[in-house]
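Next up: some structures, all given as structure tokens.
Each of the next two complexes has chain A plus one more chain, namely chain B in the first and chain C in the second.
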Partner chain A sequence: MVDSKSKTRLLVVTIVLIAAIGYMIFSLMGNSSSSSLSYYRKIDEVTKDSTYVGKNVRVGGEILKGSVNQEGRKYTFKIHDKDKQLMVTYSGQMPSTFGGGVQAIVEGRLVSQNLMEAKSITTQCPSKYKSKKTGGN
Partner chain B sequence: MRIIGLLALIISIAISIYTAYSFYVGNKVKPRKGQKQQVAGNWGMVWQFIAVTFASLVLVAAFINNDFSFGYVAENSMMQLSTFYKISAFWAGHEGSLLLWLWMLTGYTAVLAFFNLKKENRLNSLALYISNFIQLFLTVTILVATNPFKAADPQVAMIGNGMGLNPLLKHWAMVFHPPTLFMGYAGLTIPFAFAIAALIDRNASSEWVNRARGWTLFAWFFLTVGIWLGALWAYVVLGWGGYWGWDPVENASILPWFVGTALLHTFAVYRKRGGMKIWAVSLASLSFIMCVMATFITRTGLLSKVSVHSFQGTKVDLIILFGGLMLAAAGATIYLAKTRAKEFETQEFFSDFLSKHFTYYLNNVMLVMFMVIILFTTLLPIFSGAEVKADFYNKLAQPIGLVYLLLVTVCPFLGWTKTDGKKLLRQFALPLGFAVVAIIPFVMGWNSVNWLSQPFGVATIFVAFFSMAAVLELFYIKVSTRAKNRGVGFTSALFATFKNSRSLTGGYLSHLGIAIMFFGIAGSMLYVQDIQPVIKNQPGQVIQAGDYQLTYKELKQGQAPDETFYSAVFQLRNNKNGKSLGEIAPEMVYHETQQQQTLKAAVHYEPFRDVFVIFNGIDKQGNLSVNIKINPLISFVWIGSLVLVFGTLIAMWPKSAPATAEETDEVEAKKAARRRKEALATAD
Partner chain C sequence: MEKATKLLFAIAAVLLLTGLALAFLVAPQIVIQKDGKDVSIFSQKIFYFHAPIAETSLVAFVIGAIFGALFLARKERKYDFLSFASVELGFVFGALVMWTGDIWTRSEWGTWWEWEPRLTTYLILMLLYSGYFVLRSAVSEESSKARLSAAYSVIAAVTVPFTFFAIRLIPSVHPIVFDSSGAKMEHSMLAAFLVSMFGMTVLYVAFLLLRYQTLLAGEEVDYLKNKLGG
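Moving on, here comes the complex of A and B:
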């Protein structure tokens, strides 16, 4: 029931559509200055290596208990991964869950090897559906 | 008690194996001979449901009775929780979630088996045979990899209390969100089973589609409601003022929804024109695979490895098992579709661009393509360590969404094979005119936004208006044609149309819902005002936010079991008309057990905008920091989805008339078979 003329036309339309969207994806991802991609780094990677200073990174860790300080809109706190620590300053909207012991991902510019000026904070998504076991560590 | 629950699952496995054997024997031989085995197989499905229900009840009882000897109960519940949240803690972890999924699946198949007992049908039996294997797989997986009946850590058991529910989950929408989604996930197993059954049997008639369609609509309905609840929860609880953040978890739930939407439309082509048959079986299979994928992404800790904390909660055994299930389903479908390609060849094919055949095809291509993009970008962190930001999705979704909305609007006006272009333009004149008039306020600086800076948003609102008016016109055309043909009044024709053409009117209503939703999405994305003031803790402090004024009244403190809450009370006033809008009091809650704070936004709802207020806490100097968002048109997102859901309900409502489409099809199939036999007999 399928004649070849219709098939070719359908194929052409599909390829054009895929090419258009493919082009959009690559232009959105490829542009490195305003890239839609962000790379995830561990705390010990950024604190040990000075090449990350001045760059935008995403770093994950646990918010250190008792390190959170609020002054008006400005928050300072530390995140840690075992014994490695990173100081973070942030002055945007806080995520809904926050506090010592919460797993967080901070994204922003590294001012120095030990300090980040965060532009966004994400705390661990609740849909892991796991209560955080704060007792153990 | 744990042993009893375990035993129930083991018994279920035994029944499942016996069921598989019964159906195998029953389906293999001639129908009459296999009658006894068929009946046994059907009862096997029912008994599996009973066994899994029993196992689930054991777990529910453990939650209600605070039985912390259950490891799962100790990890997700605690004494101080209300019974409502204790029951909801059932699906707080992957152990219970998978049990819930299995329970719902056995429920679906038990109902199907019951129908099959009343009136046996070969396709039903084959579909049950397939579903039974999935049930067997899930039950074994639960026992091997995510057993909810395992013992608690002795240390934990000694404390005598559980670790409590994640504070963010304490919200009614989050209580109903997971089970609603799982109703959808479990339900989409049924069309998959029917597709495989039809392929095995080389039965390319529309029988399997007629049988699977109702189940698919039912499952899709729950999927939609589930996603809707999740978005609502994100808006009210997560406190960033939005409802969709392209988080991996949100992306996961939308994957089967896209494929399911494509599947439902493909069913229409299959039933009405005998077209897109391979598409239908492939999409049925893909929607099942995406349901497994959604669980794979959210419940195996797959992404926690790269995005939050190394290896925390990654379940390698679950990854392997679910990965295997998806590969097996894909492999079986590809093999069967290849070997049955001849039987499943399309009966009618596209020849003209202005035709339903083309727009339905485009619909499938776009939905599947968007699904593939989201799947790929969601899984990208695993392969490259890079994560895609929400911004990427938003930028991509704007043009694709706009084109898609146009497609949705135009499609119902087209004929199946060709369309009169001039007539189409005449029909579009009125909706276009309406859109041109309705867009005026948005171009004239509504909400003080320069529309030239937001061309995409205004274009989307324009198309949404066009789309809404077009759907209403469609209703008018259908109803007035009916009224004229039958010589009845418009109102009675309207009722008759809704009563007799449910899939049509339901479909139109769903399209209307989509158009309203797009209007809300465009508005709420493009016209947000965001104010972030810091004020002194002194009554009488005034904050100006657009057309609104907030006057600080007091800080209240309260105590509930396990939590302390602080609420900042403001008097809200509309500056334009000076009307007082009452108090608005966002809260900050401190949870003792988890030592965490959560923010509860307060929202003042108006038809055309929400005032969304978040209280971020107090610093040492006593300053309060607040975040106020004026979100315009957001209510239309909720209204649109409700219309969409209502349309689905109409489409799937069973017909009251005795002769269902299914039965008429059966009668026709029998007639055709008789004719074929007669033709063969005369040929001999």
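Moving on, here comes the complex of A and C:
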């Protein structure tokens, strides 16, 4: 049914596929906290727990209006989730939708409980399509 | 090409061109609030093609699985051809989704790739389906090739609900435009989307029939070759 050359090829592909898929599922799950399944953390999760300091984390929140400071390619800004805030420093290319009031996910090393050195910033695109300001949400 | 297939291609062309016109000329640009100001986002236009292609790819994989199951139940050659053709098309539409999505995430999320639930589960789906073609090419004997790939097409389709629900169950950056409350957009946007979506589906059906006919023709050629002795 299957000749030996094809068999070897089939086996190699199967192993590579299983390894790749396994790794992806593991990394997707591994990043989540034990209590809830999520691929990023909430701000209060990292600010109240000192064990995250020095570690690489991914945190989601809204960019605080008026908190963005830019010096060349260096940015400092705050993200917030209600009254919980986290200071973020970042240098590099910013996504075009970056700005106060936009949802973002920042990934990087937590320097202290309230400060992150971000390596990457992902802005979230809206899932509600509006053509003009309609006030409120 | 059969007349019905030609007609389907024509309908798909009209619908997709209408969708294109509606998306760029009729549907308004979306606006987000940035630093308290309204900023319009042009890149959202790709939504009118990205989402229909995505849904068509998932539909194609599900239909591939249905024909696969039918083959396992009835052992008729035509179901193997239809299942194979559908999975093939699902894969082509899948590649298009990843490409259109890639451009879009670069523009709106600021990254080419993000290991978030939708992208990750969709990549898993594509990897699994790439295994389908490897399997098909590895088995030379026709009846076991058909049987094995039919079974594979059914099992691989498990990833379809997996990727569909991933962003609905796990908080993600990938937007959920359609949920139980309906479509979160204006009517003219929804019209552009639906026309494009319908056109993409008709295009898939047209390609499915075309591919099915070529597979049948290929089988006939093989049969005639054998009859002639080489």
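Rule of thumb we're sticking to: the second predicted complex is superposed on the first by the 86 of 137 C-alpha atoms of A that agree within 3 Å, B and C clash if a C-alpha of one lies under 4 Å from a C-alpha of the other, contacts with A are read in each partner's own complex, and residues count from 1 in each chain.
Here is the rule we go by: a contact is a pair of C-beta atoms (placed from the backbone, for glycine too) under 8 Å apart; a residue touches a chain by one contact, two chains touch by 3 or more.
The model shown is predicted, which means the values in this text are computed figures rather than measured ones.
**Q** Determine, under the contact definition given at the top, whether A:Gly72 touches first (chain B), second (chain C), both, or neither.
**A** first
**Q** So, A:Lys82: does it touch chain B (first), chain C (second), both, or neither?
**A** A:Lys82 sits against neither chain B nor chain C.
**Q** Pick one for A:Ile121: touches chain B only (first), chain C only (second), both, or neither.
**A** Second partner only.
**Q** Under the stated touch criterion, which partner chain does A:Lys55 make contact with: chain B (first), chain C (second), both, or neither?
**A** Neither partner.
**Q** Please work out whether A:Ser6 is in contact with chain B alone, chain C alone, both, or neither, and reply first, second, both or neither.
**A** So A:Ser6 meets both chain B and chain C here.
**Q** May I ask you to decide whether A:Ser96 touches chain B, chain C, both, or neither, giving the answer as first, second, both or neither?
**A** In the superposition, A:Ser96 touches chain B and chain C alike.
**Q** Taking the contacts chain A makes with chain B in one complex and with chain C in the other, which residues are shared?
**A** 1-3, 6, 9-10, 13-14, 17, 21, 24-25, 28, 37-40, 60, 65, 93-103, 105, 124-133
**Q** Considering only the defined contacts, which chain A positions touch chain B in the complex?
**A** 1-3, 6, 9-10, 13-14, 17-18, 21, 24-25, 28-29, 36-40, 42, 58, 60-62, 65, 69-73, 81, 92-103, 105, 124-135
**Q** Name, in rising order, each residue of chain A that touches chain C in their complex.
**A** 1-3, 6-7, 9-10, 13-14, 17, 20-21, 24-25, 27-28, 37-40, 60, 65-66, 68, 93-103, 105, 120-133
**Q** Residue numbers of chain C touching chain A in their complex, please.
**A** Of all residues in chain C, those touching chain A are 28-36, 38-39, 41, 43-44, 47, 104, 107-111, 114-117, 120, 123-124, 127-128, 130-131, 134-135, 137-141, 144, 169-173, 175-177, 184-186, 189.
**Q** Which bits of chain B are touching chain A when the two form their complex?
**A** 75-76, 91-94, 97, 163-169, 174, 237-241, 247-249, 298, 301, 304, 306-310, 312-313, 345-351, 353, 358, 361-362, 365-366, 369, 373, 381, 385-389, 391-392, 395-396, 399-400, 532, 534, 594-599, 614, 616-621, 623, 625, 627
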